[in-house]
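Two complexes follow with subunit A in common, the first pairing it with subunit B and the second with subunit C.
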Partner chain A sequence: MSTTTSADSNRGPVVTDLTTKSPYERRTHSRGNFELWSWLFMRASGVLLLVLVFGHLFVNLMTGDGIKGVDFAFVAGKWSSPFWQFWDLLMLWLAELHGVNGVRTIINDYTERDSTRLVLKTLLFLSALLVMVLGTLVIFTFDPCIDPNSTLQQCTGR
Partner chain B sequence: MSVDAPSKKPIAEAVEVPTFQITLRIERYNPEFDTESHYEDYEVTVHGTDRVLDALHTIKWDMDGSLSFRRSCAHGVCGSDAMRINGKNRLACKTLVKDVNPDKPITIEPIKGLPVEKDLIVDMEPFFDSYREIMPFLVTTGHEPTHERIQSQADKDRFDDTTKCILCAACTSSCPVFWNDGQYFGPAAIVNAHRFIFDSRDEAGDQRLQILNDKEGVWRCRTVFNCTEACPRGIEVTKAIAEVKRAIITRRV
Partner chain C sequence: MVVLRLAGKGRTVAVQPKAASGSLYRGREGMWSWVAHRIAGVLIFFFLFAHVLDTALVRVSPEAYNTVIGTYQNPVVAFGEIGLVAAVVFHAYNGIRIILVDTNTWATRNQRRLFWVVVGLWVVTMGPFIWRHLSHVFG
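Now for the complex of A and B:
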């Protein structure tokens, strides 16, 4: 083991001293299959998202009036059906978790210090929680007639 | 080639191998005097058939004896002289100068991700530590057979590709995941685990798979293919890593 220090930061972790632990020594040995499941989840959710996202795009843009038909009433109409509620919920959760897991690996790959990792991952998970809770809430508590003067078909019929 | 072709061209007319001038731009670092590495240019006259290693020898033997690099067999088998030549990990003894654009200065740097000790010499210990962790030896139980452990050709072919590894570290030191914090086992360790995991005579495959199921194991591979590109032995490294991943999934899930 060398006792030299290299100031070149591009050269990987610096071995500073014989007495200090080598930065290459694996800090922890992980138990369990978390990384295995996360790897599998990325593949499975990726395939599923292809179907969900392109199905979503097709229904919104290719059928009916296309892009011109997408407005508040269109979304209200879609979410009155449990099928589209479930579709959008699944899409939201899978896309969010897929993205979060991807960014988590990027953080693992590019940050150099554990403290930086902790801060970035905390921010990441908090933002994901916010998006998923808010999104789920909107999908299930969505009220098309929230405006009392609404002229929507579903509301005027009451 | 037709048989009478050489008779039309007498041997005396054989063209001499051309000699040309090249510039080697070598990253130098001397721990006794330098705080940072720097580049030095060397003008060398080389033969058309010379390898980069021959050019380095010319510098070390005739121009600047302080230049340090590793090499042993000089014929692409010992795996000592892996270095970054024009930004790519290669063995200096297997790279012809004429193949690395000798019109421009050829940059030569130590392999990345491992601590530089001097000039082109890096500390290989972290690399070998990972190698030792995957138990690179045959593990068997029961009585020792009185003859060789017989294996069919098909069983041998299963892991033949990964037996070619010479532990030069060209793959591991080309991996961006390894560059970051050096915690990742690295392609070389996984390739050598593959060599035993898929060996029909070995009995510790599950143990090795468990070792590589670590969070710093195969799951840190991003299939960048840098390792496959860097391997001077032409091992399909990324494919081997994918096979280990699949083996972990099918045996542990």
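Now for the complex of A and C:
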């Protein structure tokens, strides 16, 4: 015979009979598995970013004239190809989300006041929104033929 | 090392203090790799913000973009670029170390040794990069 159920006791109902929540859980609402997914995202995006960023740095800094070769014509040459548009778009989104999640962790670690945390996170999310929206628009609305001296085939053939 | 004399037992034991001077931080490779990972990550995050804004100038005009990029083409910024690439490469290799330490018991036990592997690979990557980058800048 069990002595832990409320039915056979005159000591009042057991806490766990009233709710499915463990009495040791102090949070009244759950955030689900958000932190688990964020942990997994950091690792998955990190591996992809290693390939994307190393490729970006190698092509832009190591090949050709390196940093000296970077100008409007260089960017136009790359973004006239859907391959590099997609590469840079994926890199932009993954890097910004990875960075936001990292800085969010740092803010959670070091801020002591709720108001400071709110202000810093608001600034963080607004800056991320700006970077992702502006970056995406630039990649897809970019016109390489805006340069009258362009030697790109798609511009000279017009 | 602190030597304790157990009361009434007539023998001594040596124990490793848990942390120096009451700090929660344990020091050594584990902590310093974490500190360096954070600093490198924040540095890259702020650079990305500036990098997206300056690249957005290609939508303004070729002249606007070339003018701003032209202000970067000097030796001072070139050394800043070496620092940025150093941060990116360290963050990337140490990130792989973190994934291994999280998922593999051998790597968890050997996390200190893996930190020195990261440092070694970082040096091996930075050497050729610095040589080629500086020959572009001063060439």
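Convention: the second predicted complex is superposed on the first by the 117 of 158 C-alpha atoms of A that agree within 3 Å, B and C clash if a C-alpha of one lies under 4 Å from a C-alpha of the other, contacts with A are read in each partner's own complex, and residues count from 1 in each chain.
The rule is short, and it goes like this: a residue touches a chain if its C-beta (ideal position, glycine included) is under 8 Å from a C-beta of that chain, and two chains touch if they have at least 3 such contacts.
Keep in mind that this is a model prediction, so the values were computed, not measured.
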{"item": "First (subunit B), second (subunit C), both or neither touched by A:Gly135", "value": "second"}
{"item": "First (subunit B), second (subunit C), both or neither touched by A:Met62", "value": "second"}
{"item": "Partner chain(s) touched by A:Leu40 [first = subunit B, second = subunit C, both, neither]", "value": "first"}
{"item": "Which superposed partner A:Val75 touches (first subunit B, second subunit C, both, neither)", "value": "second"}
{"item": "Touching partner for A:Ser127 - first (subunit B), second (subunit C), both, neither", "value": "second"}
{"item": "Partner chain(s) touched by A:Glu96 [first = subunit B, second = subunit C, both, neither]", "value": "second"}
{"item": "Complex contacts: residues of subunit A adjacent to subunit C", "value": "43, 46-47, 49-50, 53-54, 57, 61-62, 65-68, 70-73, 75-76, 92, 95-96, 99-100, 102-103, 106, 127, 131, 134-135, 137-138, 141-142, 146-147"}
{"item": "Partner subunit A, residues of subunit B touching it in the complex", "value": "29, 31, 35-37, 110, 112-117, 123, 125-126, 129, 176-177, 179-183, 213-217, 219-220, 222, 245, 248-249, 252-253"}
{"item": "Interface residues, subunit A side, partner subunit B - complex", "value": "1-2, 4-8, 10-15, 22-30, 33-36, 38-40, 105, 108-110, 112"}
{"item": "Subunit A-touching residues of subunit C, taken from the complex the two chains share", "value": "38, 41-42, 44-45, 48-49, 52-53, 55-56, 58-59, 61-62, 65-66, 69, 72-73, 78, 81, 85, 88, 92, 95-96, 98-99, 102, 129, 132-133, 136-137"}
